[in-house]
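Next come two complexes, and both contain chain A; in the first it sits with chain B, in the second with chain C.
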Partner chain A sequence: MSGPAALAAEVRSPRPPRQFNARRLFRTALPALSLIIVLLAIRDFNPRAISYFGFNLMLNLAVPVALATVAQLCIITVSDLDLSIGNYVGFIACVTTTWLPTRPWLGAAVILGSIVVYGALGALVQLRQLPSIVVTLGMSFVWLGLALLIRPQPGGTAPSWLAGFMGVHVPFVPFPIVAAVVLAIVMHIVLMKTAFGAVLRGAGGNPAAVARSGWSLLRVKTTAYAMAGVLGSLSGLALVGVSSSAEANMADGYTLLSIAGAILGGAEFVGGRISPVGAVIGALTLQLAAVALNFFQLPELLPGFRIPPEWQVGAQGLILILILAVRALINRGEA
Partner chain B sequence: MSGQLAALSRLRTRPWIWSFLGAALVWALAVILAGGHGAWSVITTAIAFSAFTVLVGLGQMFVITLGPGNIDLSLPANIGLASAVAMKVMDGSDGRIALGLLAAVAAGLVIGIVNYLLIRLLRIPPLIATLSSSFVIRSVGISYGRGLQIKPPLAFADLVVARLGGISVLAVLVLLLSILAGVVLARTVYGRSVLAVGQNIRAARLAGLSVRRVRFLTYALCGALGGLCGALLAGFTGGSSLDVGAEYLLTSIAVVVIGGTSVAGGMANVPGLWGAALMLFMIATLLNSSGLGIGVRDLMTGLIIIAVITLAGGRRSLR
Partner chain C sequence: MDREIIQLNAVTKSFGAVQALRGVDLSIQPGQALGLVGHNGAGKSTLMHVLTGTIAPTTGSIASGGGARPDYGVAIAKRLGIRCVFQELSLCPNLTVAENTRIMHPRLRGFGWRRRAGRLITRQLDTMFPDHGIRSDTVISDLSIGRRQMVEIARAFTTTDDPLRLVILDEPTSSLDPSTSRQLLAFTRRFVADGGATILISHLLHEILDYCDRIVVMRDGRVVADEGTAAFDRAKLIVTMGGAAEGHAAEAPVSAATVAAEGPARVRYRPKGETGGTELTAQAGEIIGLAGLAGHGQSDCLVEVFDAAGGRPGRVSVQGPVALVAGDRQTDGIFPLWSIADNITVRSLGSLTQGPLISPQRADALAESWKQRIGIRTPDIHNNILSLSGGNQQKALFARALGSDAEIILMDDPMRGVDIGTKLDVYGLIREEAARGRTFLWYTTEMDELEHCHRIYIFRNGRIVAALPRAELTEERVIHSSFQEAVA
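Now for the complex of A and B:
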């Protein structure tokens, strides 16, 4: 179902009874299935990893990655793409460690200002009909440059409340999982259940139709980008809370990782077809796949052949290709 | 008066002039800042460094010209892997230079072909295909090039940095290659097909062009150029390194955009690549010599890219 059709289906009420569709179900469950498979593989390598402590350790960095991924998802929703999110997260991390502990007002003002800049970018992209890839490519240089100006050398300190928040011990369920679930639910409600979320997705699917039904595309784009700015800022804060110091290019990899996570989670590239829950699951899957290879001594797959730890990026790529291949097969059967 | 108007309209039809004007302006500033010293050496150094940028830029330009959504994000990983392949095959021996170059180009070619197959078989946007393949290529590069400390053969290192009358020989070769690329685009069936597909893929298909073949050749070409650049960079920097290609992800797209190639596809601009590459290098030089540091340099680069695309404006494209 394309964006406008989805919009129409949601506006219509009451909902037509949905037919049971095995293919669609399988496609929707694909991100969750891949997460389960990765978890099973980890349990196979090291059963002790599947524990409160193990998850805390493995998913430490998953919170900032998941936040960056849903930030990217906001942009993908309006059929754009953000190549600057990684550098933006790094920039916010530098602001946080440099100013928030000593001059909190200045730090907060800079972060708010950056979110405004993000929104303004959305307006620029819409007003001048610019390719988002190129604009955000330029912005990636801008954020990196600013981060380097603020913090030429790695270092700084995390505000104590931030480190405390990220290190909080929730009984029974590890904090990163709680955070991921909350994030998934909030984003699902905002993007999938509210009227404005439907408009955002509609603008990704058929901007002309949304404009003609009276919505300002300028406002839509600005909001989507500003939301990405808010979530990107939270990602930077979370990253500082985990790592307790900052460096200008500490989150460079987040740009590609966030796109991969959103796509893995079932987002289509254009047309406003997205899945916030899937994106969070996608981010967790990629993070676990990388960590699994990093933390554990892997058994020999074939005699004399071990997966070396440097394959963690490669494992992420292979998972992505595999999932996309399965999805292509499902879609082909459907067509 | 009419002459001025003609000149103006020529400016409009030849957007690459702006990038050269920008490069000249920044160069003048840099020379003034340096008190008039090193005017010539800045130019020759810029030309030498631009050779690499233009080489990858050419590949990226062909890909972007294919039209909305086409982009190669696997270039940095490709360059890193190819640099390791070249050094391993050459093994420091002068007699194996050609073999090493060939191996690096072949590695890049394979990467380009894999990219195309992913796009075609999985029916995914090129951006996602090249993104996923870059993850895998990076890991291949890490495990292949682990602990690799082979110096480039002496003759190869000499060739890459060789200068005739101050001008880098390599840059002259890349210039010849760019002219060839320009001729291919304007005069051959393949080049014309790339432009046609970029302008209107449906019309191209209805006109009987094999869109698949054109895309296949273009991604293969881009991969091969990346491989070649990797090998040359290894010679230039005195050994292979995985990160040698890192900066070329953004730079390769930046020179294409600043150089006046349409990001909507269908219109390529070869001279602009040189202008943009020279300008970016001049900016780096200017800011380095003014002691403002790398932060300001990145900031300026980003603002220039945004300014250029905002002024150039244009149709909805890439995304």
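Now for the complex of A and C:
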């Protein structure tokens, strides 16, 4: 018997042409455009900053921020939000500086255990149908408390291999840029190209449909959260590698920064629409925007006056609002 | 004769007090196209969910290939090769066509899965809908609703290693144009000729009559007819769906005769995009019924009337304050954390103030008086709203609307899942309030409730296709208008 499957006869209609969509192109290019604009602004204020050495300095903290941002992106993929990532990164940094140099097995075990806890949070969110915001908000205090227990005072030492790795000098291209490109490519492949990434994003877009096709949402959420745990741990390690000491709340700004970077990069809060490459670019943009303000001068009004560094966070916020406003305009034209 | 693909024996399903299925026997054979028809709430959707394993029956048994399947569920349905195209789209809007195909087939993984998934779905689309114009790398949300439906249907017929024996199509043609619909139905005939089986649910009776071998008619959770298509024609189907007019003629609204429809219309409504056609009008003291199959524009009408209240007269003109009684209590109706009294008075807070503050005495007085009038069974109106039964919660929502200053009350199928006692209480109240000059727009999926209305408008595909005065109302006429064919 040939069976119903044989019905797929060999009729092949010509592949319809891809439709050119200027709006979509613009929206996809928006994160890259904003990065270029920030770079041009920096060059305008201080041409010397655009150099091998300058980028190494300016993007000093970009690697841990980018890692935290893609960690956040894993959670956003399944239409959740993680408010604990900043304190988690701080916690891992404290674990790293306290135990990794002297008792590496204990340090490694604690980090692995924390990743398991992260995965368990995903399971909890799915099983009890709790809002992820509430669960992770609670956990952010737990991580902070644990970090303070381990390291009540700032200090500690970075394992030498870690500092060596983060300080590696790549010829011609600054290390943070190489790291960001590698991270963007890896995350793009994992989330956008693999069959498994499609299921993750599907669970963010239409969980009922994914469940109906026989997938376990419990497994999907656990995986997404565990991935965030892995990337958050890497972020903590990278942060220690850069700063070579740690304190409990050294990364508390990362929570909102990671959300901002992911959204800036084209992700939506709900619906599983994400862009890993955009998220990394978004993280870099926010990082550079903060630095750019240092170069920014107001010659006409107050000669020699520089904007105080306290305004950096505000500048990041303004850029975020500006870019989201542009995106909203693009989207409105589409609807 | 082939063994059956699946067999239901005396299956019942109840949701709380509502009996959705009251003992259904159904057997699906390979090589057969089954048509399933029935009016709103006949139990079609529940039956489909039982077949696909997403709802477990309350009692009764499911068997397949001669053996009983006591723990029937999604996984077993999948193994048996039973697929379903649900009425509400079950594609992930953020994924591409190929990725959505992958979601359905665990086998599509490893290197090159995207190309294989794309080829699989494209080949299926080519077979079913030549000239479909869909690329497998398009994101679903960029496709028109009709093309999404084509992808959804084609996906249900794709196979990797799992079997495919029965495909359930729930209103598959609702967003397809006529020629695409014909392509689909022609394909199902080929599928059936090759030994597959289909169940087609459609409100377009000609599709059922033209493309099915056997027709099952459901009514009130029971199968009332199950015969070869040759035994039916259009008229007979309609009669079977509606059943012989059963005696319980609800007392005609007394006020229908006495309240002369006089004075200016309080509500004038024409569906969006309609210039000619029937206009809905409602005067003071009238109870207007909105009928037809669920989801054909009745709720949209209520929402538009609600939005238009107080605005300038245009396509929709509304004179007087409006209140809405929601049908979906849990999402649109109650404030679950509030007390019964708070839930009743929230619509009227503007008139219950003393200075800038809410006056507790006046609020309580209002809530208490409506508790008495509508008969909310509770020892204390300050208890939480969730302490009430479903029917009494619905009464509180009625009290909220009727206790307000609204002259026009919109009701969005508010009696869903409400017990008969509550219904009778509320029917009486509606009649009383209409006699005092209030206007009611009442969307209902229950035939009996239409008998309380002075005039009935029947909606189909977002248009008003018929207006019946109470005197001309018969179940057959309502079904006839609801199921009328698109003019060929």
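What we mean here is this: the second predicted complex is superposed on the first by the 302 of 335 C-alpha atoms of A that agree within 3 Å, B and C clash if a C-alpha of one lies under 4 Å from a C-alpha of the other, contacts with A are read in each partner's own complex, and residues count from 1 in each chain.
Rule of thumb we're sticking to: a residue touches a chain if its C-beta (ideal position, glycine included) is under 8 Å from a C-beta of that chain, and two chains touch if they have at least 3 such contacts.
On a predicted model such as this, the values are computed, not experimentally measured, just so you know.
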{"item": "Partner chain in contact with A:235 - chain B first, chain C second, else both or neither", "value": "neither"}
{"item": "Touched partner set for A:60, first chain B, second chain C, both or neither", "value": "neither"}
{"item": "Larger contact residue set on chain A - chain B or chain C", "value": "B"}
{"item": "Chain B versus chain C as contact partner of A:126, first or second or both or neither", "value": "neither"}
{"item": "Chain B versus chain C as contact partner of A:321, first or second or both or neither", "value": "first"}
{"item": "First (chain B), second (chain C), both or neither touched by A:114", "value": "neither"}
{"item": "Touched partner set for A:72, first chain B, second chain C, both or neither", "value": "neither"}
{"item": "First (chain B), second (chain C), both or neither touched by A:196", "value": "second"}
{"item": "Contact residues of chain A, present in both the chain B and the chain C interface", "value": "none"}
{"item": "Contact footprint of chain A on chain B as seen in their complex", "value": "69, 71, 73, 118, 121-125, 127-128, 131-136, 138-140, 142-143, 146, 250, 253-254, 257, 263-264, 293-306, 309-310, 313-319"}
{"item": "Partner chain B, residues of chain A touching it in the complex", "value": "79-81, 83, 124, 128-135, 137-149, 152, 248, 256, 259-260, 263, 269-270, 308, 310-318, 320-321, 324-325, 328, 331"}
{"item": "Touching residues (chain side chain C, partner chain A) in the complex", "value": "54, 74-75, 78, 86, 90-95, 99-100, 102-104, 106, 108-110, 113-114, 122-124, 126-127, 130-135, 137, 142, 157, 159, 164-165, 187, 190-191, 194-196"}
{"item": "Chain C contact footprint on chain A (complex, rising order)", "value": "1-9, 11-13, 15-16, 18, 21, 193-196, 198-199, 201-202, 204-206, 208-210, 212-215, 271-273"}
